[in-house]
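Read through the structures below before going on.
Both complexes below contain chain A, partnered by chain B and then by chain C.
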Partner chain A sequence: MERRSLSAAILVHVAALLLLVVILAPVVWLFIMSISSTPDLIAKPLHWWPDTIDLSRYGVLLSSAVNSAGQAFVASLFNSLKVAGMATVAALVVAIPSAWAVSRTPSVGWSLYAVIATYMLPPVALAVPLYMALSWIGLLNNVFGLALVYLTILAPFTTWLLKSGFDSIPREIESAATMDGARLDQTLRLITLPLAAPVMATAALFAFLLAWDEFFYALLFTSDQQAKTLTVAIADLAGGRVSDYGLIATAGVLAALPPLLIGLFMQRALISGLTSGGVKG
Partner chain B sequence: MSALELVNIRKRYGTVETLKGIELSLASGEFLVLLGSSGCGKSTLLNIIAGLAEASEGDVRIGDRSVTGVHPKNRDIAMVFQSYALYPNMSVARNIGFGLEMRNVPAAERTEAVEKTARILQIENLLGRKPSELSGGQRQRVAIGRALVRDPQIFLFDEPLSNLDAKLRMEMRTELKRLHQMLGTTIVYVTHDQIEAMTLATRIAVMRDGQIEQLATPDEIYNRPATRYVASFVGSPPMNMLDATVGNGVAHIDGSLSGILLPHDVQERAGKARNVIIGIRPESLSLVSGDGKGLTIDAKVEVVELTGPELVVTSTIGSQRLTASLPPRSTVTVGTPQRFSIDASALHVFDQATEKRM
Partner chain C sequence: MTSNWITTRAWFLMLPLLIVMIAVIGWPLIDTVRLSFTDAKLVGTQGSFVGLDNYVKILSGTNFQRALVTTFWFAVLSVALEMVIGVLAALLLNQQFYGRSVLRALMILPWALPTVVNATLWRLIYNPEYGALNAALLQMGLIDAYRSWLGEPNTALASLILADCWKNFPLVALIALAALQAVPRDITAASMVDGAGAWSRFRFVIMPYLAGPLMVALVLRTIEAFKVFDIIWVMTRGGPANSTRTLSILVYQEAFSFQRAGSGASLALIVTLLVTVLAVAYAALIRKSAGAS
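Entry: the complex of A and B
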């Protein structure tokens, strides 16, 4: 290791620690809130660590009793999974061929920029047209309708990400496969897509997170348990006359779990470097 | 029967013409090297033969069959790419066998062919590995193996050795030569390395600005270059090019008082030309011994470099430079005038206006 003065070493470590605290503090506080008893949460001065640990809220939210907060929460959890899942899969299905096409045919690259340009519009500008369109095709308050709207957000972004992924796969490898007699579908299936797996996993993960966290459109286009997503359900918890901060925090913790699990599961795929060795270097 | 025939191949990108009417005919078993500096169109030409690019005009014929518009996989050719272009996600064995796999060759037959190819290239012990676990030279062998296993009519090589270090490049060069002699395949090979061209080729096509400057055997390219460009491109150190004015059978070197008495046959060929370029290969210069009969030239020695096998002497004649490759033990003193004798048979004369050989 290079020589470094003691003060510099301390400075670096303090900076790193500071970053860690800034990132983790809200999450930690969210978790503490979710397990604090109500008296602890409303005590003055605030109890940073609860006197009594209260896990009952987890039970409340995960209960399946009819008309309970739990039923609404679990329903919205599944809605979120459905919407985010469908939107992600659809986004990849749309993005993979178009990203490949743009990457291999630079002359049509402008079309991707045109798509990205629509991405610049603030969501509120599209809210009314989208609402009317959904209403016209009868997909308001419907998970499919919401997934369709999310697809319009996710597809440009995933296409962009995948294009740079395909760009990094040398064209010579595909040329070689062509010379070897592979049809286009064989080249893609056997060579290009396996090599693009890491970037596809990255795109899928980010697309899922984006759809999972989306609030604005979900709030506008859904109205009941049939299609309401988690973000809206959590907002509902805060919208009543009495806000149970502990319950909101618990919902937040539970809402964070699925993406976390997916992230852990895909970690292996996210590790890139699979293309090394095919070409020089 | 010609294995490959190119008829008036032209390639335009917008208004820029990168290939300007290439005509070429290749007999079966020939090793043709397309030699030229970058941007001369040699790689484009190779891609057109491969079918990865289409010519704007002209016809490509492989084995007397026009393949214009035919998909690369149906042209019965194999190509080795500059970057090797191995499939990183597949084992070496599958890399080599991929072409057969795509052509639905039965697995048993495929394995046998892969093993045979691996034996030829001495990479049997690597078949289970992934490309990332191979060294540069081994990857190169796998890339060649992938082409070899299919036993195509023509092999195309696109600067296959340019990514290897100097020592490995020499080894692989010899290896390629051995393979060609052993298998008797028809090869088209693109390179900008004149040593590779000279050693490997049965014929060399020197390309410049989308045209073939000269198509000939290595011996002819070296000893009877058709143009000044060919002469300066091949050979290391490069050929000396002295601007000179001819008068009364003597070529007066511009910018100096010295002249070279041209031999009779050269005089005849030069005819009435006044302004010429005298080309002299560094190795056809030697130190004058004895009374200095024959062709001689006087120059002032500027720099002396010992490369090991030879002594490279750079000297000046007026404002022009003259490089000589001498035996390593020659005694030359820096800063003094020196008389060199010229091998008369190795004198090249080019017309200054057309740059063509006279």
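Entry: the complex of A and C
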């Protein structure tokens, strides 16, 4: 611990306070907007804290009354859950065996670079044929179709993350089990996969967040309540004729809640995933 | 077990992934190449072969050139700002102060906020009539009338860059912080005993530890910024007067708004080529710096 003068200590604390404000202010403001009454939101000068707290918008958005703003919002919430859930499971199913194979078989290691390279591809490079194909097999505006398309993003990403996870599990444990007479499927089921459970959970969380966040493909390939996801629903609200800014903010808060909670509580797992990706490349 | 058999087994285990990748990435990419030489429409006509017509039209047109310049400025400015602020924040978070662990934990918030929610939030903040930015600047006496930050061509791109930077600098900060924590204490202590000032300590003692991780963050952020679509679509849709129309927005308009699948595909391939060149150049740079250190 280096010794510092009093003025240096004050400077550090002021800078930390500034950083805190920069990080928190926009998020807190989103929440305040969501609970402010409309007169408070359009007052001049602006009321930074509302005179009247109005929680009704949460009720409006989460109600399922027919043909209400809530019905569309709740439908998009479930669509997002379905698409992200299905895409995450499918990505893990194809990624786990491949990641293990690449981790244990150096001779096929180059194929991982091919997989990672596809992650760099701009989505626009695939969008037109994907649109035509989905339209041809009747999966436009369909949660299965969208989940399938999300594999373009999730499959390479989870494979890459899981491969470095398997790398950190010593091969010797597996060889010992094999020598004791375990078949490959037994070794994997009883030894390797339980050891890899934390990294698989991290990969699943990342995959889910990526799918929850996705906007471009959802905008292109969905058109109504049947499949529209939360991100598209919010963009519609923000760009549409809705003049109640509080309602837009409320939709934002609700959509941000799951990833923010995952982010805060799974902090350590996420950051180690992020930084190990950053450090190892 | 022979190594031959192990390799075969590996390919067998990778089969599901390979099938998926060929179906949703390989084939669409090849079909984009085919479409780029046709005048196909998005719906209806299959189109006929037109050779390099699409490419010639795009490369000689002002729309592409302007979108390229806009994308360039968006990527360079937002990534540069994110790197500088991110490293400064990491250096700060590596100091001792009250509430440090709380602040470190909160850094995840902007990163976890969905991109579309972030864009919506800033759109509300920049609102010309009721936005918080106008209110705050006016109450502090920095402006004398409300302005339309996203509605004027000369401030729209800068406003977008700030919103993008707010979301992404914490990630750079977290990566840099992890690298800073790997710097051995006795090395910094020794350099202080030897009389190194703050700057030379940063440049010669700390920077070597930061360079690798920061380079990777720089690569990933630049490629992401070059592909930017979501935040721009939600905040400005490429306007006003096309002043924020980046390449991805242009491809969207060409292929999906105007339904010109053929020329949209060739535009998309030009973007892909530019991203690939960036990625390859960066990979070479990383290998060179890894070899040097």
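The definition used in the following text is that the second predicted complex is superposed on the first by the 234 of 281 C-alpha atoms of A that agree within 3 Å, B and C clash if a C-alpha of one lies under 4 Å from a C-alpha of the other, contacts with A are read in each partner's own complex, and residues count from 1 in each chain.
Everything that follows uses one rule, which is that contacts are C-beta pairs under 8 Å (C-beta built on N, C-alpha and C of every residue); 3 or more make two chains touch, one makes a residue touch a chain.
This is a predicted model, so every value here is computed, not measured.
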### Touching partner for A:Val128 - first (chain B), second (chain C), both, neither
second
### Query
Given the touch rule stated above, what does A:Pro170 touch, chain B (first), chain C (second), both, or neither?
first
### Task
Answer with first, second, both or neither: which of chain B and chain C does A:Val27 touch in the superposed model?
second
### Query
So, does A:Pro194 touch the first partner chain B, the second partner chain C, both, or neither?
first
### Task
Quick one: classify A:Met179 as touching chain B (first), chain C (second), both or neither.
first
### Message
Can you tell me whether chain B or chain C touches more residues on chain A?
### Response
C
### Task
Please work out whether A:Ile53 is in contact with chain B alone, chain C alone, both, or neither, and reply first, second, both or neither.
neither
### chain C-contacting residues of chain A that also contact chain B
274-275, 277-279
### Query
Which residues of chain B touch chain A in the complex?
50, 52, 71-73, 77-79, 81-89, 98-99, 102-103, 130-134, 136, 139, 146, 150, 163
### Message
So in the complex, the part of chain A that touches chain B is made up of which residues?
### Response
170, 172-173, 175-183, 186, 190-191, 194-195, 274-280
### Summary
Residue set of chain C touching chain A in the complex reads 3, 6-7, 9-11, 13-14, 16-18, 20-21, 24-25, 27-29, 31-32, 35, 42-43, 89, 92-93, 95-100, 103, 105-117, 119-125, 127, 129-130, 132, 135, 138-139, 166, 170-171, 174-175, 178-179, 188-189, 192, 212-213, 216-217, 223, 226-227, 229-230, 233-234, 237, 248, 251-252, 255-256, 261, 264-265, 267-269, 271-272, 275-276, 279, 286
#### Entry: Partner chain C, residues of chain A touching it in the complex
1-2, 9, 12-13, 15-16, 19-20, 22-24, 26-27, 29-30, 33, 41-42, 44-46, 90, 93-95, 97-98, 100-102, 104-105, 107-108, 111, 115, 117-118, 120-133, 135, 148-149, 151-152, 155-156, 159, 209, 212-213, 215-216, 219-220, 231, 234-235, 237-239, 245, 248-249, 251-252, 255-256, 259-260, 262-264, 267, 270-271, 274-275, 277-279, 281
